[in-house]
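Reviewing the structure listed below.
Going in written order, the chains are labelled A, B, C and D, and every chain counts its residues from 1.
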Amino acid sequence: MRSKRFLVASLVVLFACKPPTPAEQLDSALSWVATARMAGDAWLQHTTPDKYTRQTLELSQQTLLQLGTKLLKSPVPGVDSASLDSLLTRSRGHIAQMAALVTAKNSPGFRQQLDSLISDETLVKQFADSAESKQ
Amino acid sequence: MKKILQLTLGIITSVGGFLEIGSVVTAAQAGANYGYKLLWAILLGTICLIFLVEMSGRLAAVSKHTIVDATRERFGFPFFSIVMLGIVAVAFLVLVAELGGIGLALQILSGIGFRWWAIPVSIIVWLLMWKGTFGVIENGASLLGLVTISFAVAAVKMHPDWGGAAHGLLPTMPGDGKAKYGFTAVSILGASISPYLMYFYSSGAIEDKWDESYIPMNRIIAGFGMTFGGFLSMAVLVAAALSLQPRGIDIEKFEQAALLMTPALTRWGFYLFAFSMLFACLGAALEISLAIAYFFAQGLGWSWSEDLDPSRDSRFAFTYTIIILLGAIPLLLGIDPIKVTMMSMALTSATLPLAIVPFLFLMNDSIYLGKHRNGWLSNSVVAIVILISFVLAIISIPLEIIGG
Amino acid sequence: MKLVRDVLDKKLTDREDCEMGRVSGLVMQVGERSQPRITHILVGGKTLWMRIHPWIARVAARLSRMWGPKRDEPVRIPWSRVESVGKDVKLDVKARDTGALDWELWVAKHIIERIPGGGKQEEE
Amino acid sequence: MKEINAELLIGRKVCDANGEKVGRIEEFRVTNTEKACLVEGYLVGTSALVDRLSAWTLIRPIDKALRGRVFSVYEIPWEQMDLSDPKHPKLRIPKSELRHSK
């Protein structure tokens, strides 16, 4: 009986992964902004098909939304969470715009959004770097 | 002349069949996160695999019995049933991951989500098994799998720092994030040293009617085939280190991995990645379904051969039919194949002792192998694999919790 | 000869080298003062599960009553039919007549042959 | 005369006439004649297990290092084994009268 309970407990532990730390979530956010940028670059060079590009941008936008909520709830120590949140929201906006512009096949507009996203990416990177240096 | 042809074919099929979703995803993650630092894990895994595969072929060629036959016969049904439970459960997870990999490849090509592909993909895999012969499955799938060589082309085209790569062949420990680094290393080893490959290979030797005269050929196929295959895994890692790491992209989803070759090969890179994954996962899905069905049939003494009509080995055919259909269910529910892949690779490491320890006994059995039983070199390698496998089994479970 | 090492769990083949399962158990006849002897080879079913745990054997028996070729007892093959004991155990019987292939034939008839392209078991 | 399942005897603990533990049944030595397969004796002890797994090439170096102290074996002739209760096999003689065999 006790061994059974132990088995159940260890299975629960095995499958309930430890949630990622806020710093890891910030890294993940950076990774998704970078993914959107890379997919965007690729689309402009006619490297990736429209559907894939749009889906990847949407995926990155949704993931960033989830990460943003989590980062607001449990902020990274030593990081101004309000300004990080507004930055992530802005990036998400650019990515959503890009996804829409893929469907419209509007390359010039897409390029504009991509440029703003690139400058946002630099800022997210600064946040991530400062979080890392404070650890 | 015929032997040379068989030899070439054998090497080509091992190269074409080497990569599958597990090895690609783990290698790409390693490259994206740690640059060249984890190349040693692929090297270590490949060396172990060369020896294990050579032994699997030798056992079958000399004794005309597969590993599963011999395990049941030597260790008896009660112990065998434990091995079967562990190996088959993990192999099933790997099958789910491979079917999902086919679905994901089709998703990035077509824009239709992988859940919709679960049923068509499993039906196609099943049809190939139902109608195909062993030769068609092994050679056909692996020849298509040769498209994975594009990973090597991409890696070389990005001008890797060869010195840095050579450095990565020696194990190092990172300063921080040890748990995640360890988890990635364990997954790479799990993806390289996969027991199902041993079972498949030894059954294949019986299907192809090998005898003792095939021992030298077996050695060359295992040696060259796995070495080139290992190079392809390393190429995936290097390509990820060059294309994804500088951009700070970590692979959590398949869509991110799809960009792996685009900096080197642009439009070609995207489609080559998709087709590489499609064929690599298709080949692996066929091999694993066969390996699971072989396991049941050999262990329980049913008649089995992929070359027979399904009604001539009905229980064997029934087993893979059920397994493939069941494999589609987690995907229909929308479980992310990448998560299944990572979990199954770590669990492969955890169940490795179950497969390797009995194998050491079998490879020293003079009744089965006579003078062809293991020498000190092979035994030392198996002993090292067992040591690694126990360490992996003990650490992979805590790492699954901390790093996963 | 050693019974466990050389006979138990070995592959059984019939007169025509057709595979017919593995030795799952051995019946031993014991008396007060007479020498014990192995009288039968058992194939399949309950015998196999009993070796793990009687509980599993009960569950398996209940399942097989719901489904499959109704056969409660394992197949018994007299030891006198053993032709040779090597890497495999060769029997002087015809596999189909022993009942060892009941499941194989049942699955073929009820499932596999109903799927297009499954082929047909040859009638003999 | 009664029938028992030989495969279920494997791994059963054997006690001697005084109830002292001897070891586990690992193997049966049989002679196979034209007419019947006769059980000559029962092998009890770890050494019989090693033999059953055909693992001497692997274990012998370890055995030598331990000077043969761990891998013991008793061969019990059929006359001295009482199988009237197959779940609890007993010896008809005390342990001290058993001979070790190789």
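A few notes on this one:
Everything below uses one rule, namely that contacts are C-beta pairs under 8 Å (C-beta built on N, C-alpha and C of every residue); 3 or more make two chains touch, one makes a residue touch a chain.
Every value quoted in this text rests on a predicted model; they were computed, and no experiment measured them.
In terms of the stated touch criterion, the partners common to chain A and chain C are B, listed by label. Each of C-D and B-D has its own count of C-beta contacts, and the greater count is at C-D. Note: the chain lying farthest from chain D is A, by mean C-alpha position. Centres computed as Cα averages put chain C at a distance of 26 Å from chain D. A separation of 42 Å divides the Cα centre of chain B from that of chain D. Averaging Cα coordinates per chain places chain B and chain C 34 Å apart.
Rounded to whole angstrom units, the spacing between the C-alpha centres of chain A and chain D is 66. Within chain C, contacts with two or more other chains are made by residues 4, 8, 24, 51. Within chain B, contacts with two or more other chains are made by residues 76, 367-368. Inter-chain contacts occur between A-B, B-C, B-D, C-D.
Listing the residues of chain B that touch chain C in their complex gives 63-65, 69, 72-73, 76-78, 80-81, 130-131, 300-303, 309-315, 317-318, 321, 367-368. If you check the complex, the residues on chain B that touch chain D are 74-76, 360-361, 364-368, 373. Of all the residues in chain D, the ones that touch chain C in their complex are 1-10, 26-32, 35-40, 43, 51-52, 54, 78, 83. Across the interface of their complex, chain B is touched by residues 10, 53-55, 57-58 of chain D.
Interface residues of chain A facing chain B in the complex, by the touch rule stated above, are 13-14, 16-18, 27-28, 30-31, 34-35, 37-39, 42, 45-49, 51-52, 54-56, 59, 63, 125, 135.
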